[in-house]
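To start, I am sharing the structure in question, which I have written as structure tokens.
Note that the chains are named A, B, C and D in the order they appear, and that numbering of residues resets to 1 at the start of each chain.
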Amino acid sequence: MKKIGVLTSGGDAPGMNAALRAVVRMGIHRGHRVFAFYNGFKGIVENESTEMYNRSVGDILTRGGTIIGTARYPEFVKPEIQKQAARNFKLLEMDGLIVIGGDGSFRGALELKKLGIAVLGIPGTIDNDINGTDSTIGFDTAVDTVLDNIKKLRDTASSHQRTIIIEVMGRTSGWIALKSGLAGGAEAIIVPEMPFDLEDLIHRLESGIARGKKHSLVVLAEGVMSATELSDKMKDAMGFTANTVVLGYVQRGGSPTASDIILASRMGARAVDEIASGMSGVMIGLLKGELVTTPFEEVIAEPKIIDPNLYHLAMALVH
Amino acid sequence: MKKIGVLTSGGDAPGMNAALRAVVRMGIHRGHRVFAFYNGFKGIVENESTEMYNRSVGDILTRGGTIIGTARYPEFVKPEIQKQAARNFKLLEMDGLIVIGGDGSFRGALELKKLGIAVLGIPGTIDNDINGTDSTIGFDTAVDTVLDNIKKLRDTASSHQRTIIIEVMGRTSGWIALKSGLAGGAEAIIVPEMPFDLEDLIHRLESGIARGKKHSLVVLAEGVMSATELSDKMKDAMGFTANTVVLGYVQRGGSPTASDIILASRMGARAVDEIASGMSGVMIGLLKGELVTTPFEEVIAEPKIIDPNLYHLAMALVH
Amino acid sequence: MKKIGVLTSGGDAPGMNAALRAVVRMGIHRGHRVFAFYNGFKGIVENESTEMYNRSVGDILTRGGTIIGTARYPEFVKPEIQKQAARNFKLLEMDGLIVIGGDGSFRGALELKKLGIAVLGIPGTIDNDINGTDSTIGFDTAVDTVLDNIKKLRDTASSHQRTIIIEVMGRTSGWIALKSGLAGGAEAIIVPEMPFDLEDLIHRLESGIARGKKHSLVVLAEGVMSATELSDKMKDAMGFTANTVVLGYVQRGGSPTASDIILASRMGARAVDEIASGMSGVMIGLLKGELVTTPFEEVIAEPKIIDPNLYHLAMALVH
Amino acid sequence: MKKIGVLTSGGDAPGMNAALRAVVRMGIHRGHRVFAFYNGFKGIVENESTEMYNRSVGDILTRGGTIIGTARYPEFVKPEIQKQAARNFKLLEMDGLIVIGGDGSFRGALELKKLGIAVLGIPGTIDNDINGTDSTIGFDTAVDTVLDNIKKLRDTASSHQRTIIIEVMGRTSGWIALKSGLAGGAEAIIVPEMPFDLEDLIHRLESGIARGKKHSLVVLAEGVMSATELSDKMKDAMGFTANTVVLGYVQRGGSPTASDIILASRMGARAVDEIASGMSGVMIGLLKGELVTTPFEEVIAEPKIIDPNLYHLAMALVH
């Protein structure tokens, strides 16, 4: 029997609850005890935790968000706060900690590991910008959410003659923009990983109009610029104003897709077994269809960038 | 047998296709011929029309947008353009025209009536800002679209501790903001019909926080100010930044709700019978559950404003 | 200050939670105390109740089902059980009871009224088979749920050449079948209020095929016969087997539409005021856009039947 | 420049249109000409085909079904029909054929290959029962469709105390049942790959009730038995009647998920390049994240069965 801690950290993502449920239930199934810390690392520092039972995670499997909360907690970069967390964690006689979150969370987790805590990561973020996994929990749902909106925009864009810019999440990573743009047949996809070329964009849109296309959708990752900025730039060049949509936190919400729930369930269950077997300092990931572990150092070394082949496929298929 | 023209005008709305289908099929069912003009009044002026058959409107019942197009056409305020339209219309030996659109479209329709055209209106706009009807085609769908987004925002807002501003359509009318805010339990609803009071808003949000509320949603009609503007104002007063969502044309898209399809079908069918019986210069509306007609002059005299009782109900139920 | 009891009874319906929230919050807003009985009338008989506060109904506005439960409770027809309920209710010194449910629930409510309890009804059932209201809470949502399924069936039916029967709820009432069939453009709609004529159905489907129609959808209210029965009858006559879909309780689930939430909120708030003003023995209804009250005796005298005009409209528009 | 034929065959699946679009547009992009045959192999035999252009596949990316039709065509097992198809195909001077469908379609494709046609397969079926690929086009969408229905059933099942059986597609394969049941937290999942044990099922449901569980959902693959049959068996043993839902062809409909669209787009684009490079007799598949080819003989040798680890994971997480 082990005592396992679990927390969700960073921006919430659909499927975090499913991962939490898997950690709790597989933990209990294997004979361990599981404790949740509230609001991420803050819950360790401020000693806010509770023991979790099978019933504690009833009816959350398909719900968005995270029932144990998550919080921005910039203070956690301070060594004394990290030490306080490690002290508190040890006083509770915990055997290990499972951190569900993004790369920022894994930086914090790595510090705890250095302070002697056995800690394991599960990638939960809609951004899919994490090395060591082909997909993060919440990404599939976020892409479907954007796609739903693109479909609605198509309805109206094809009735009028319009250019619409839809700004999606992704400060350093264009994954959401790329996959939703590819699936939605966007006329242009603008991502941080590719150089932005206004002339090329205008040319692409105008040649579409010349071919008889009545409307155009541009999917824009927020990290490149805001939809308003892009609209201003395009107005000067094209002489008309594009309409803008800013989805914001809508992309973080919604009930997770089956794919995200299953990914989260598999990762959560695996994390329990890894932590029970003494593994520490690694993140569970899904690479080429298999669950694997990657050291935090590799995970956080650099952000995962988009697959350029998908980008070129998207552009080849738009006419 | 009559020859009936039909067009969709102004901003498109979900359910316009259902109205078109009803006009075409009920028209043919009654023994008339029906012709569609493309892209609103422009289609009359530029002589772009086509005869419609039962099959022409197959498979469009549940599709958003309008298959016969709609266009902004500011030139139509010019008397000579109106006269050109009337001339063209008469040359086609049409007996009457059915205009599916909003108040701007009915102003144009009224001008045609003055030039001797039998013309009838069907209220198709998501804004629900039209006198003479309790609901416009597309409004129910738009409200459900906003509600879906509010539900997604709740997921993430309750995981973090957040204030989110969701900007919705409505330049002069707060109907979309009011109904979606009431249905979504928004902590604040800001509409053009009510004076904006920043202090009252801040007080409302802060007292919610004081009562232990973890997050707040503000639904804002675009006619009052933009989400960015409101966020700036709130930041100065509250010391933190609200997140913003701008739904834009997403609200115009999507497959219509059953309620909108049925409203559109009933109105379209009725419009055929009214025009065939020689009625002109009126809009079909649904008032207190009954289809009625109201003269264009009354319809366009002033915008329909929100029901303050619903606003007060919304505020009484939020805690 | 009054003490008001509330319960949900009969089949659950989307929007019951919104009605409950409105009763609780408007009750408290007006200075009353509100108590919920669990699982319908059974909760009164078995003394299972709890006081409700503003927070008790937090986060339920857009959730399907009913958080206070509902149960089939056939024993409630027995006079001694009714008397026990009345005794229990009076011992709690309650001033009145609000019953959210269908016609069976109002029969029970009427018995309680005869035993001296002030009791008021709110129509909550997906079936829309209640006199005294144009729409019941949950009906709009159920129709949209069926419509969503019809749209999915269209996708596949038009790829193959197929006839599909979709069986929907409605033992004595065809409202769900009628509105979903009208909105979904079903080739045939079979409801309990209309005589079933197999020959006419076959003729209608075959003439569609003769006109080049590739697929047909038949919406069937369960009260007429099961989808399997109809399929068997059609097979003998047409020589091929239709596919069948049975939606069952799926129709009771899902998050309520904005329209149902608002209807429920208005009715719940109004019920508080009626019961506080001493009204008893009536159901709140929405007739011609206005909230009105109708005595239980009238409400339960006979089921509300479908509007034949809508049926004929549906049939006129299908080609 | 090559002349490439393409057809969709067998049961339709969401994403077939996306695959078709990718074949057409990537084909043209690479300088080839692409021709669609209508209604599967029947279109070759009956010489019903048309050249496809970029515009031919405009606006279909996110639509369910297949715009070029598919048909059951049992006659195609006859050698003389196959020879007729091969003759027709050669007369058109086609260089190769891309078949989008399931295992039955690949049997037909293999026969054509034996008759000297270069033919390539793309796995399009909601059943995911195809060897040589981890996922088939349409499977992800079908699972999400079932999950949506499970979520609706949860709403109502938790208001009442109920057992509900939901029958899903899968004659020989339990993939849809397994993934939707795992994602929906079903209390029991019954698949063709596992022996059915009524006593074990009853025990599982009753022990849930003993633990205080108010409702149970059983996901049943149609290949084991019908929902009605299972309900009858359970009634004898448990003394009450479970409710049943039969989703039928609803599972084949709906707009494809982003994941299915992207899978279809990648496979379609790859198929063009394979056929142009002279590859024949293989199916494109996605194995461990990579596009690969597998000979038809291997693909059709036996159906792909479910992953028992996922089944055991599902059962371990239900309480």
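Criterion: a contact is a pair of C-beta atoms (placed from the backbone, for glycine too) under 8 Å apart; a residue touches a chain by one contact, two chains touch by 3 or more.
Quick caveat, the model's predicted, so the values are computed rather than measured.
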Task = Count the smallest number of chain-to-chain hops linking chain A with chain C, moving only between touching chains.
result = 2
Task = Please name the chain that ends up farthest from chain A once chain centres are defined by their CA atoms averaged.
result = C
Ask   = Same or different: at the chain C/chain D interface, is the fraction of residue numbers used by both copies above or below half?
value = same
Ask   = Cα centroid separation between chain B and chain D, in whole Å?
value = 40
Ask   = Distance-wise, how many Å sit between the C-alpha centres of chain A and chain B, to the nearest whole number?
value = 35
Ask   = Just curious, how far off is chain D from chain A if you go by their C-alpha centres, in Å?
value = 28
Multi-chain contact sites of chain C, meaning residues that touch two or more partners = 151, 154, 158
Message = With touch defined as at the top, which chains are paired up in contact here?
response = A-B, A-D, B-C, C-D
Inquiry  = Touching residues of chain C toward chain D in the complex: what are they?
reply    = 8, 11-12, 14, 16, 63-66, 69-72, 145, 149, 151-162, 164, 243-250, 252-254
Key: Contact set on chain B toward chain C in their complex   = 21-22, 25-26, 29, 54-55, 58-59, 61-62, 134, 140, 143-144, 147, 151, 154, 158, 179-180, 182-185, 212, 255, 257-259, 261-262, 265-266, 269, 287-290, 310, 313, 316-317, 319
